[in-house]
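Shared between the two complexes below is chain A, which has chain B as its partner in the first and chain C in the second.
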Partner chain A sequence: MRNLKMKLNTENVIGIGLFLFLFIYPLFVTPYQILNLSYFISMVFLTLSLSLIWGYGGIFSFGQAAFFGVGGYFYAIFTMNSGISTITPIGLLLGVLVGGLVAGIIGYFMFYGGINDVFVGLITLCITVSLETFMAQTAGSQWKIGTVGLGGYNGINGIPTISLGSFALADVNFYYFILIVLLVVYIGLRLFVVSRFGYTAIAIRENRERTKLLGYNVPRFQTLIFALGGALASLSGILYATWGGYMTPSAAGLTAATLPVVLAAAGGRKNLTAAMIFTFIYYWFSQTLSASGNEYALVILGAALILVILFVPEGIIVSLFKLGDNLFFNRKKATQVKAEGEFT
Partner chain B sequence: MAIFELIYQFMNNFSFLILSAVGLAIIFGMMGIINLAHGEFIMLGAYITTLATASGVPLPLAILLAAAGVGVFGLIVDRLIINRLYGRTLDSVVVTWGISMILSQGILIIFGPSLEGSSTPLGSISIAGATYSTYRILLFFIAIVMLGIIYWLFMHTKFGLYSRATMQKHDIANTMGINTNKMYSLTFMLGAALAGLTGGLYAPTMAVSPTFGSAFLMPSFVTVIVGGANPLIGTSLSGGVLGVVNSILDILWGTFYGRLGLLVVAIIVIRLLPLGFSGLVEKKLMRGRGI
Partner chain C sequence: MSKGLVEKSDAILTLKGVGKHFGGLKAVDNIDLSIKKGELHCLIGPNGAGKSTIFKMIMGVYEPTVGEVFYNGKNITKMKNWDRANLGLSIKMQVPGVFGELSVYDNMRISAQKHMKSSERDEEIDNLLRFLDIIHLKYEIVNNLSHGQQQWLEIGMSLASKPELLLLDEPAAGMGPTETEFTAELVQKLNREGVTILFIDHDMDFVRKIAEKVTVLHLGKKFAEGTIEEIEANQDVVDIYLGNS
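Presenting the complex of A and B:
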């Protein structure tokens, strides 16, 4: 464990500010807005999972939506079959493990088979599409696991919320639960990426061959980080399922698979905080636009994505962080650079 | 006779896979750009064809109009956006996804949720008691002719020579005096025009709506994955193999298992041959020449 000392820079200040804001946010707004924000937070885990494996591990995946679906469906089937509310936290933990396990198995076959780069993206795309296609045709009554029908395109309804003992997490309680989970996961990931394992992952991202020659078992690290990403995506799916009480194939489908890629890329994939903040901005923006009935919402979002990639390729939030660092925390260096005439 | 049904089904699936994939394959193989807006380009072609036939243009002309229109649109998109992304595969994914969002939502705003389509032309023929759509049989031959034209274009013209050189080693091609940026632009335009052609060809057979392209997206990606980087050999081989698998599964168990079969084949092929069929063929070819 190195680099544990927290640096004072824009990213950390904004990160702390964001969490403080999220903790006091329910005091000022309506229950409806809290419900919305709970949904945004559950989707943040999905972006974080992709930021971890793509931004840090260099593994480009369209499969996060599939693991999202695995988690959500597993939780639904497990808890609804048992029918006891106290079992839901176990369902949550098991679901995360199952998501990680599925990702680990897929990762094992891919990385030990020597598949890399864009082909990982293509295989995971296939997996996501086949899962969506499969789930969408399970409408008939013969598609049942235990007592729960899979429901085809309409998915599963009436998924129970998480209960701690007899205390059901709903509304504001659910919001705080999910926020605390986010805080724990976020801090865990920030520590993880500066651990030995995290540095190895970055080394693999930068140069696979060289890392291998330095004596690291590259496929093992790739499989592990892919499994970790799968577990995170699965967590996201479970929280989404408990949030709305439903899980549909389209939530784990092709469109859902591209969204985290876009969010991580546009926010800044090599930075967890940036990916998280951009996810909030995106969902808030798209919800505001569609709630106001603006049919141009998707057009504006599409144009924004294109402009971001063309003009700030490393991510819009990351660029803002750098600007902030130069302005507030690194005044000496900024002026020095300017004096040397290298200011670009 | 089941054999006629199987042949018809194969012709139908083969032409669908080839036509939907060829534009994508050319852009991916030549430029390394994964065009997620491919489905929307096809949708645009279908709209041009439907609107043109509705205003009295004969169908064959309307289909060519779609190819030309989407080709020009592709050139504009390339000049404005894609030419800044050459060699940045992953960024191109994000950008083309943005383009596809704008296109499908833009068409929804302009033309509403669906367009009144025309019925499938040419009627049907009956062989051994079952009837088959003539138009869909014609599509099979159009697909074959199109592969032939592409073969001629890439193997027997100056454009083909330059573009193959650019594909193999773009910096060396550049030093030999080929304007590689222009080659990329032309390639992108060609890929877009082929997508428009596909949209035009399938416009009379399906309901034309802003989500028209999504029916093509999965089969086209699977065909390109299985085929690999070579747009001609790879696409025709994988179209053939996937067409056979798809048709047999379609007839045995229905359309859904046909689609699932495609994905399973894709996963198996990519595990065994990471470079797809074109990788396999190129390896054999190299060995044959003793290189």
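Presenting the complex of A and C:
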């Protein structure tokens, strides 16, 4: 397990610091702020899903919002039809699987069909728009699955929160639940990207044709990582649905699809920690500025993206990590350890 | 048709009537080629003779328009390129096919992890890097390496897949005399260790030094074949290629 040794660098220090902060945060703030942060965390999974498939696997997707919707809607329909609160964890797990399966099926047809790059972006964009448009017209009473009406543009309301046994997770309990899920997913992804599979994903991102000639069944790996990304996006959708108790087409629509792309790109798509931190920063800004009009956050985000493309194409947070490494850590050594495939 | 048919010979690679047509252009036209196990075989010919196209058909990058490719007697004409790589075929391309943004180690690991256990992987990578004399560059980003070093790294990546047949497309291209010398020794050493090698090169000094057998291609067809002495004594070959090389 030598490879799992953790390296002291800016990214890891900030990553650990962030989680420590998140764990003690509820001690100092109001329940309203805890609720807000739970929402931010639920959206981090969506950015992580994109960082994984785009930053590591080289698959540019506008479809993460659609998988987010699949997860949220599935969880709502499944749990509300059953009507039993103890079934909610099963709904969560099944929803993640369904999101992964849907992404896997779409990925299978795309990647085995030889579709790549910008065309994957276009196809996934179409899927997101189709899903949003379809769900938005399900307002009539004929649009029901079991006893649950899909609700058109207003979506589904009254989605149950997750219950462990008879204990419903709400407020600070829900916050800690979602935080622990994030920690587990984050560590899992960090280990994943330095694993064999992770290296294969990076090879495919860098040069697909060459990777094939090294003996890798590239379409299979692409399908698998796309499915994994779909499962993560689906998890995000489920947590979002349980957080607010509602799921609407716009949460899984076009604007929602572009947001994680911009967040991953601006923070640093090839770095999970950077993508995560930038997502927190954006949502915090968004909430803070919402008093004077929510659009300000989007304007700032747009400006940030332009600056990133012009000056730091690898991402703002990643560049700050590098600056930190140069200032506080021996960078040469850091590069070496990274190259050895350690926990970077 | 003849898929799965086993051809009995000591040839590791056989091309039977293989052709690749791009529209009306026959880049490769009805080529028969046989590479014996353990051979160090060179393809030469003017630009556009079809050499690299043949390599791409052997590796499955292109599917032949006509003809069949056999590897160890097995018909691999329609086999996926990753399956070919896993059979023991490996290639170093003309334009270095290294991952430029990654480190030398990462490049080697991507190839090695497919073909060896993780317990032996890192040690084997070090051995190969020492063999190629680029161990001091292990953690360097590949884009910072010289052209020659990138070529050696790519040979190293091929070797990490433990190939039986190694295809080298211009292994000494763009190298100075010392680097070319080192590459020649490297190729010979590998061949002595049992790797069958088929290579393309324009540098006749390099070819003369190492090739046991030479096939000359011209306008997509096989023009001549024999030892280097026979080829250099062939007036037709001198006229079409060697005379102006």
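Just so we're on the same page, the second predicted complex is superposed on the first by the 321 of 344 C-alpha atoms of A that agree within 3 Å, B and C clash if a C-alpha of one lies under 4 Å from a C-alpha of the other, contacts with A are read in each partner's own complex, and residues count from 1 in each chain.
Operating definition for what follows: contacts are C-beta pairs under 8 Å (C-beta built on N, C-alpha and C of every residue); 3 or more make two chains touch, one makes a residue touch a chain.
Remember, it's a predicted structure, so these values are computed and weren't measured experimentally.
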| item | value |
| --- | --- |
| Chain A residues touched by each partner, larger count belonging to chain B or chain C | B |
| Contacts of A:199 with chain B and chain C, given as first, second, both or neither | second |
| Partner chain in contact with A:207 - chain B first, chain C second, else both or neither | second |
| Touching partner for A:215 - first (chain B), second (chain C), both, neither | second |
| Touching partner for A:126 - first (chain B), second (chain C), both, neither | first |
| Contacts of A:183 with chain B and chain C, given as first, second, both or neither | neither |
| Intersection of chain A interface sets (partners chain B, chain C) | none |
| Residues of chain A touching chain C in the complex | 196, 199-200, 202-203, 206-207, 209-218, 335-336, 338-341 |
| Chain C residues within the chain A interface of the complex | 59, 61, 80-82, 85-86, 90-91, 93, 97-106, 109-111, 113-115, 118, 122, 138-139, 157, 161 |
| Residues of chain A defined as touching chain B within the complex | 60, 109, 113-115, 118-119, 121-123, 125-127, 129-130, 133-134, 137, 254, 258, 261-262, 265-266, 295-299, 301-306, 309-310, 313 |
| For the chain B and chain A complex, residues of the former touching the latter | 34, 36, 81, 84-85, 88-91, 93-95, 97-102, 104-106, 108-109, 214, 217-218, 221-222, 225, 256, 259-260, 263-264, 266-267, 270-271, 274 |
